[in-house]
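By written order: A, B, C, D, E and F. Residues from 1 in each chain.
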Amino acid sequence: MSTTASEHTASSERPERKEPTYLFTEKYVADKSEIARHFIETRARLNANVDKANNFLVKRFYNIDHNAYLEGPLPAKTKELMGLVASACLRCDDCIFYHAIQAYRLGVNRAEQEESLNVALVVGGSIVIPHLRRAYELLEEIYG
Amino acid sequence: MSTTASEHTASSERPERKEPTYLFTEKYVADKSEIARHFIETRARLNANVDKANNFLVKRFYNIDHNAYLEGPLPAKTKELMGLVASACLRCDDCIFYHAIQAYRLGVNRAEQEESLNVALVVGGSIVIPHLRRAYELLEEIYG
Amino acid sequence: MSTTASEHTASSERPERKEPTYLFTEKYVADKSEIARHFIETRARLNANVDKANNFLVKRFYNIDHNAYLEGPLPAKTKELMGLVASACLRCDDCIFYHAIQAYRLGVNRAEQEESLNVALVVGGSIVIPHLRRAYELLEEIYG
Amino acid sequence: MSTTASEHTASSERPERKEPTYLFTEKYVADKSEIARHFIETRARLNANVDKANNFLVKRFYNIDHNAYLEGPLPAKTKELMGLVASACLRCDDCIFYHAIQAYRLGVNRAEQEESLNVALVVGGSIVIPHLRRAYELLEEIYG
Amino acid sequence: MSTTASEHTASSERPERKEPTYLFTEKYVADKSEIARHFIETRARLNANVDKANNFLVKRFYNIDHNAYLEGPLPAKTKELMGLVASACLRCDDCIFYHAIQAYRLGVNRAEQEESLNVALVVGGSIVIPHLRRAYELLEEIYG
Amino acid sequence: MSTTASEHTASSERPERKEPTYLFTEKYVADKSEIARHFIETRARLNANVDKANNFLVKRFYNIDHNAYLEGPLPAKTKELMGLVASACLRCDDCIFYHAIQAYRLGVNRAEQEESLNVALVVGGSIVIPHLRRAYELLEEIYG
């Protein structure tokens, strides 16, 4: 739903946000898990194609999306788990894989991932179960 | 789903986008329609409260949202009608009212609004009907 | 998602469908329940406005929608309860009220309505609960 | 949406529910249909992995899910068809396959399955069509 | 949500609608793009199976769906792009492919397709991104 | 999507979960905020009506829902914020109010609530904005 607000944000207003510290690289996760590898490679290939198109609004959206998960009033790892909950509720396998891998890279343990998926399961209902099953398959590979 | 793209967009890459020319003010629409007036006033009051919070990411999202409907490769009026279709499919009355009013202000006629709602009805199914009914009530007031 | 099928259905192919027999009129239900009365009256008023617009595709959609709930291989009352389940899963109060009232008018008892809502609750999750609460308020008024 | 109700249900309050009588085993269906076989085997494999994790809340959710489809005020076969409607409206292929197979195993005929899918199509709109196509492919294999 | 309107539409009331003029055949698109070819062939095969079932309501729904995208108060190409926006918001890859191909066949250029996807991205959020990536892969093949 | 798992969970397997410690009562919040008061009172009245119906499956679902937010591998306050994210993504005002109030009662500050809503906004898109506006109105009343 559009708004008429103009962009008047001076850079001085911008809150300090910093990149989180990852304990593991994407490559490390891909080496542990075939599901992760397939997801990461496909995503990289398709993102390269999107980048090539150089669409201004898409680039801005990707940027705001990136900023939403930086360290801030809530830790990056908590927000990655929130992204996982949202992805599971809205039932997007790619999004679930993305946030579960990001959370893993930030040091989240398996019990915390399962707790997050439980919130999504209860809020979203049994329709979430097929996605939960695929998420557990990934968890098994990366934590097993 | 987050991305790792950094914001490297030089201002020179930014495509020329310009504000659309409105044939009617929001006040003009509010004077014709009680539904529009109630929506516009409530939205203004609540947006003022959001503005006061001065949340950086919210402001950026509002800005990108604003930019998505400017004149560009597709006319602003077409994109407002697309916003209407999306809003009706996703079943958000406030969003439907917003885009139907914007489209009206840009000179869209009633038949074009109905055509757009028809796409949403066929794609989204009978669950859209209660929203369609309320949309038609608004259309009656602003075009009647 | 559009299709290219042309309408080649001869009337002779049309399966026998008949209107269900209602045990109660809408007025009877409206007299028992304020929620039902408010819903029925608002819907009638807004539908009159839609009818006035005489949009061809809307009329065709309303007609196909009507036909989906006639007596057929499954009884009308079963299909009204299916409409209730779909409405609760997709979280549309107006649609829930509509199908719960239709089911009542066809002689469905309260336990059958609750069973249907349970399927929706388990499939759709806790996000369904606010709608379930409002549905139970209606059930209390019409069966109480 | 959480609630504060404590679990005070004495076992004596529990309504009599019994397992439905299946006319066909999952193996029988898998032998008739490659789609069914693939679905049943994948689901079994992934569920074994979920079971191994032994997550308490997941087990409880699976249990309540199982109980929702037992014989009760509505026959199990009606509720499996309701599960089918909900799954098609919410557009989950795995869930559609699951409930269509369950309904078949309980003796539901093809016309009843199509009627149920019709309710989902009308309520959910053309966005359901790709799922309907895949559902019809399964129906062809198990009833053909 | 069902309605009680009877079908009283005389053919004389039917608005003039005509089939759009396609610049390219489906075969032409399939020859340019493997993604398009796979989609078109799978859809044709599954639709043949649906047609064989000869379900009256499904045929009527397919027909109304077809009619929603004919030339009318809005051009067919605008409505195909609206179908694309709705499909991306509701996150259905098959539906996205269908409407992007239809729009291409009607002469829509790539910038217009991207603009439409941008509306869907802003309205629907980052959950749309995986679908956007796959849509861009198709766009690359058909416009590249 | 149903499962065939039987309930074999011995109570000994049940993980230690404990009720969170609330810093504030619901009454305290209701005294600060008219929106909270209206929500809490309506919910209590409607839940009393649901309780009266004494539906076994509903009670079990309410119980599992309650358990999902207890202290565990993730703190209760984190999970209430996850419930907020899920509710905002799925666009349920009642659910948003519920979890925002619960989070407040557990000592979550306003910046943490806004961060959570930002995740929902980015994942869910502009369709979330009307709900965000109403959420900010509540936040203003309880934190203002």
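Methods note: a contact is a pair of C-beta atoms (placed from the backbone, for glycine too) under 8 Å apart; a residue touches a chain by one contact, two chains touch by 3 or more.
Because the structure is predicted, anything quoted here is derived from the model rather than measured.
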Checklist entry - Most remote chain relative to subunit D, going by C-alpha centroids? => result B
Checklist outcome for this item: Interface repeat test, C-F vs C-E, A-B or B-F, passes over-half contact pair overlap for B-F
Checklist entry - Counting only C-alpha atoms to place each centre, which chain is farthest from subunit A? => result C
Checklist entry - Which integer distance in Å separates the CA centroid of subunit A from that of subunit D? => result 30
Item to check | Centroid distance [mean C-alpha coordinates] between subunit F and subunit A, Å | outcome: 22
Next on the checklist: Give the residues of subunit A touching no fewer than two other chains, as numbers and ranges.
Outcome noted: 1-3, 47, 57, 61-62, 64-65, 68-69, 83, 86-87, 89-90, 92, 94-95, 114, 118, 121-124, 126-127, 129-130
Checklist entry - Connecting every touching chain pair, does the picture come out as line, ring, star, complete or other? => result complete
Checklist entry - Which bits of subunit A are touching subunit B when the two form their complex? => result 1-7, 9, 13-15, 47, 51, 54, 56-57, 59-69, 80, 83, 87, 92, 94-95, 98-99, 102
Checklist outcome for this item: In the complex, subunit C touches subunit D at residues 1-3, 64-65, 68-69, 72-74, 78-79, 81-83, 85-87, 89-90, 95, 109, 111-112, 114-116, 118-124, 126-127, 129-130
Checklist entry - Where on subunit C is subunit F touching in the complex? => result 91, 114, 118, 121-123, 126-127, 129-130, 132-134, 136-137, 139-140
Checklist entry - For the complex, which residues does subunit F have touching subunit C? => result 1, 43, 46-47, 49-50, 52-53, 55, 57-58, 61-62, 65, 86-87, 90, 92, 94-95
Checklist entry - Tell me, which parts of subunit C touch subunit A in their complex? => result 89, 121-128
